[in-house]
Amino acid sequence: MADPAPFINWSLLALSPPGWGSVLLSGLINSIQIAIGGYSLGLLLGVGGAFGKLYGGPILRDLLECYTTIVRAVPELVLILLLYYAGTDLINQFMGLAGLPAVDISGLAAGIFVIGVVQGAYSTEVLRGAIKAVPSGQIEAARAFGMSPVKVMTRITLPAMLPYAIPGLSNLWLIATKDTALLAVVGFSELTLVTRQAAGTTKAYLLFFCAAGVLYLALTLVSNVFISIIERRARRGLAEAA
Amino acid sequence: HAEQIKVGFAAEPYPPFTSPDASGNWEGWEVDFQKAVCAEAKLDCVITPVAWDGIIPALTSKKIDIIIGSMSITDERLKTIDFSDKYYNTPTGVIGAKGAKFEPTPEGLSGKTIGVQVSTVHQVYANKYFGENGATVKEYQTQDEANQDLAAGRLDAVQADSIALDAFLKSDQGKDCCELEGMVKDDPAILGAGVGIGIRKGEDELKGKLNAAIKAIRENGTYDTFSKKYFDFDIYGG
Amino acid sequence: MTSPAPETTHALAFTPEDLPTAESFFQPHRILLMAIFATLVVYVSWSMRWDWLPQYLPKLGWGIVVTLAMLFSTSILGFLLAVPLGLVQVTGPWPLKAFAKTFCTIIRGTPLLLQLWLLYYGLGSLFPQFPAIRSSFLWPYLRESWPYGVAALTISFAAYEGEVMRGAFAGVPAGELEAARAFGMSRWTVFRRIWLPRAIHRALPTLTGETVLQLKSTPLVATITVLDVYAIISKVRQDTFLTYEPLLLLALIYLCLTGILVLAFRKLENRIPTRGA
Amino acid sequence: MTDPAQAIAVTDLHKRFGPLEVLKGVSLTANQGDVIAIIGGSGSGKSTLLRCINMLELPTAGSVSIHGETIAMKKDGRGGLAPSDRKQVERLRSQLGMVFQSFNLWQHMTILQNVIEAPVHVLGRPKDEAIATGEALLRRVGLFEKRDAYPAFLSGGQQQRAAIARALAIQPLVMLFDEPTSALDPELVGEVLAVIGDLAKEKRTMILVTHEMKFAREVANHIVFLAQGKIEEQGPPDEIFGAPKSERLKRFISSIH
Amino acid sequence: MTDPAQAIAVTDLHKRFGPLEVLKGVSLTANQGDVIAIIGGSGSGKSTLLRCINMLELPTAGSVSIHGETIAMKKDGRGGLAPSDRKQVERLRSQLGMVFQSFNLWQHMTILQNVIEAPVHVLGRPKDEAIATGEALLRRVGLFEKRDAYPAFLSGGQQQRAAIARALAIQPLVMLFDEPTSALDPELVGEVLAVIGDLAKEKRTMILVTHEMKFAREVANHIVFLAQGKIEEQGPPDEIFGAPKSERLKRFISSIH
């Protein structure tokens, strides 16, 4: 190389321009926002899906089965493209049919929607397994005390299944944080895309990709700390590793 | 008050037309152009970077409202979307590694690997003229990736808009590795009649406004003013 | 690092239990649903544009071959790496143990897309700066994009599967290993005949899930210009400007590939029955 | 038939599981203060009868009244019955304290939380009042020290005593016990039987399914012998154990001793 | 000391687990055709002694000879011993057939594959020869029909018989049994003891750790009573069981009956 410049130009990571640090950080914040949003949406879908699969009618069960099967058998990347273009389009077509004005779906909302639908299928399976792991006697006892079905669910089934669900749900969170990277292919400014933009503009590919890797890894490691705290709390009632 | 219009373009550095700076803002000739047109047409424009390979679906599914992203007006695209009048037109060039002299002709590129960006007129052109005559055409999601692979020695040549190539050749990386091999023979049926603003079909009112605005900034000198910042020739073309 | 509970992998990937049985199709409501679905399919194929299909069929076929080649080569290579990664975490000396653990944590903690780009654009752009590499026999391969795809997918599979193998190795009952030693087996024979096959046997259900996940990761290589089935469909999208049709076809293709893969694994798993679990 | 002095009245109860008719017309009345022990061979339908009383199992035919109030049922279209008013069932259930063979304590709650759960969240009692009552009950069954422990950390006998306290906490009209000691190791059985014996002394209305004949004879004032889904014989303990009439009962008693 | 007629000779064996000395100098000789039963209280070191013989547990001091060949040991630097020639240990191990309390059949192989594994992959016998011998052995322990089943699908007694066949398949000089029946349900014990009894009748050299005193008395020609890591008393069964000398042995025997 003719260029005598230092091999690694750390100043590119500085927080204020011309450093790209703040751009990376805002990308990270975008990623985290989508991960949190998508994960929460997925959890909601998952709770509904799990109860639907366990206690719903045969048609609902079959439809949910199709949902989870398709999501689990088709690559996230493809789902993200389909949902990103078709999902929001369909919503607007429905709005049109209902005579409502087309909603303006922001990139953030679309991202959350896409990740949420994918996570929803996974959560459905994780939660369904966890609910099935709750001994049926516990639920029967609740009914014997005169609890209504809603009470049984909120007071007994959901809290009792937590220790069984948390390992799976923790993994889903870690997956959600990493799946946000896939939104780069639809041009959403999350961490991976802004990393590529920064790298493309400055040509410091190695530096920026490593920096993004460190950020993702930090996110994972910090998450792990919280996960182990939550896990310990949730397992209080269990005598031994089940 | 003005309605909000989402202006789509590729979310990748494409200097000197669109590229992000270190504070996350987009700048470049096309950004200036877009500001001028929107101001002239009294449109409230929002910059919306999207993935280039999905930019037309994004337009048709209303994720964006217009495309100002160096998109050439071609017959093929006109089947799906509509265009405003052209707002710039430049020849198409081919660059290669320093010292690897060859002609940008089917014969000159035979046996070589040439990179182009997908969904561009260059992709169609390269496939037709070079791909069918013994060259390997590799397609990239972004122009930047193609340039990068040329610099990394994974490509022998890159075909693209001559101005975009020029910007690359002027960059630190481009200066070291590559040089211009020449312009390709024109084929207006493929390379199109210049670059226009992409619009959804049927939105003729918007199209009229944009055409009027382009005309106006050409006439009142705004166009030349911001163009001078980037080019020392007339980018509007003949 | 929380290791993935096997049940999670099952939740993420389609596994043999998810396959419907033949007789389960003939319930009244299922027949109704299928009728609705069939109407939908007919409607979709009627109202959408499929005229591009014949023209791209050969390319699609080739794309599927590339996808499968990517899947099998990286799963096999990844598994070969996963075995030592798992093993040293169970018995290795601490430097190896720490290395394996760090490796798995880093790979599992960052997105595959980023790893892929890091290898291709980051590392790949360094190579040509060294004339030694440029003139070596490796250069023609380093110029291609698939070696980077294979490397990234292999590493990723190795890290995830390494965790699984760690659990599987640790889970083989000590008594069975002791019995092997009591019969005079050398350490290598114990490993080759008892420990490894028994660990694989235990890991097989999880391995199915991981392989399906690997199939689902392959389309990422399209972002570095490998022409797998996803890339072909992308090309269709760009040539035809169609939004839905190519993506729907692509989803269908992956659905079929997953189904076939899972069936194959079920055959494999059934060869050694396990009781209970 | 709807006499409020009758704590529980079961009339001509039938229960069928697919092809198997488990209860073939059982009628049974428990007046207030009665301690009724249901005995019988395995599979004779004892548990099923008990579970039909609080509708954990829906009968195929027949009716159940609690404190003079008949549970309204309607045909469910598949040849069985279903309660026509879910709210009524939930209300009546909350007057029955059920103790299961396998305790079924809620594992995610401490012992005290288990005990106050139904009073607070079903009966709507104020929480501090429920805690006071709950602690008193736990003291009574000898588990006051364990009130903040989770069930999984208790012995079987302790868990069953906690389950009894939980059932008592709703101040039930009737206590239902389904083999409360059969999941316990022999050395833990005594402590649970002692607690139940105390309840019997207080003249609390109870229906218990049990295999502990000696205990049944001691605490019950009425024994019901169930055989093949029918009441084969019933009466005061001394009659049943001292002078059984039917052949089946004779055989059953001799097989136990 | 290195007499080839001695199938096994253990000399002054010591074994220490951290602060706990489990074996405190044990010497024991098994001549060819001997059936030696090791008895003793729980924790007395019986299993440890057996496991030291084939070096599954490395002794802290002392030596072990098999068929007159002493296992070469060297100091391991941490106050214990380690075999100086791994190959020798492997070779000698392959002359000892060990049967474990918990069977330890290889779960990923069928019964027949379990049986031919060591002959083929340790002794290098041709596969079809090993299969012929293996099938004969399985027929002998009554498991010929089950030869293609996986261990998980067999009862405990069947698994233990398969484990015995597996140990016999290497035509061992000595069979070692560590409580071969104590993991079995009582009704399955008989079938395994019958097989071992047959082996004893054939004058096969065996060392067995067992809690089945009646059985030990019947099949063994020599009984070793281990207490607190030492041989407290040894001799022919009639002497040991009929006229125990030491107080400890008397107490042990009376505690069992």
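For clarity, chains are labelled A, B, C, D and E in written order, and residue numbers in each chain start from 1.
As a convention for this text, a residue touches a chain if its C-beta (ideal position, glycine included) is under 8 Å from a C-beta of that chain, and two chains touch if they have at least 3 such contacts.
Note that the structure is predicted; figures quoted are calculated from it, not measured.
Enquirer: If each step moves to a chain the current one touches, what is the fewest number of steps from subunit B to subunit E?
Expert: Between subunit B and subunit E, the shortest chain-hopping route counts 2.
Enquirer: Would you mind naming the chains that touch subunit C and likewise touch subunit D?
Expert: A
Enquirer: Could you tell me which chain lies farthest from subunit E when each chain's centre is the average position of its Cα atoms?
Expert: Centroid comparison gives B as the farthest chain from subunit E.
Enquirer: When A-B is set beside A-C, which has more C-beta pairs in contact?
Expert: A-C
Enquirer: Compute the distance, rounded to whole Å, between the mean C-alpha positions of subunit A and subunit D.
Expert: Each chain's C-alpha centroid was found; their separation is 46 Å.
Enquirer: Distance from the CA centroid of subunit B to that of subunit D, rounded to the nearest Å?
Expert: About 81 Å, centre to centre.
Enquirer: Report the inter-chain centroid distance for subunit B and subunit C in whole angstrom, where each centroid is the mean of the CA atoms.
Expert: A distance of 37 Å separates the two centres.
Enquirer: Hunt down the residues of subunit C that sit against at least two other chains at once, touch-wise.
Expert: As it turns out, subunit C has residues touching two or more other chains at 121, 125, 223, 243.
Enquirer: Multi-chain contacts only, two chains or more: what residues does subunit D have there?
Expert: Within subunit D, no residue touches at least two other chains.
Enquirer: Hey, what residues on subunit B touch two or more of the other chains?
Expert: Answer for subunit B, listing residues that touch two or more other chains: 54, 57, 61, 145, 148.
Enquirer: Could you please write down every pair of chains that are in touch?
Expert: Touch list across chains, by label: A-B, A-C, A-D, B-C, C-E.
Enquirer: Quick one: which bits of subunit D touch subunit A in the complex? Just the residue numbers, please.
Expert: 54, 56, 86, 89-96, 98, 100, 102-109, 117-118, 121-122, 150-153, 170
Enquirer: In their shared complex, at which residues does subunit C touch subunit B?
Expert: 121, 124-125, 127-128, 134, 139, 142-145, 223, 225, 234-235, 237-238, 241-243
Enquirer: Under the definition above, what is the set of subunit B residues touching subunit A in their complex?
Expert: So the residues of subunit B in touch with subunit A come to 4, 10-13, 15, 19-24, 48-52, 54, 57-58, 61-63, 142, 144-145, 148, 171-173, 176.
Enquirer: Within the complex, which stretch of subunit C touches subunit A?
Expert: 1-2, 4-5, 7-8, 10-14, 18, 27, 29-30, 33, 105-106, 108-115, 117-118, 121-123, 125-126, 129, 212, 215-220, 223, 230, 243-244, 247-248, 250-251, 254-255, 258-259
Enquirer: Where on subunit A does subunit D make contact in their complex?
Expert: Contacts found on subunit A: 135, 137-138, 140-148, 151, 155-156, 159-160, 162-163, 236-239.
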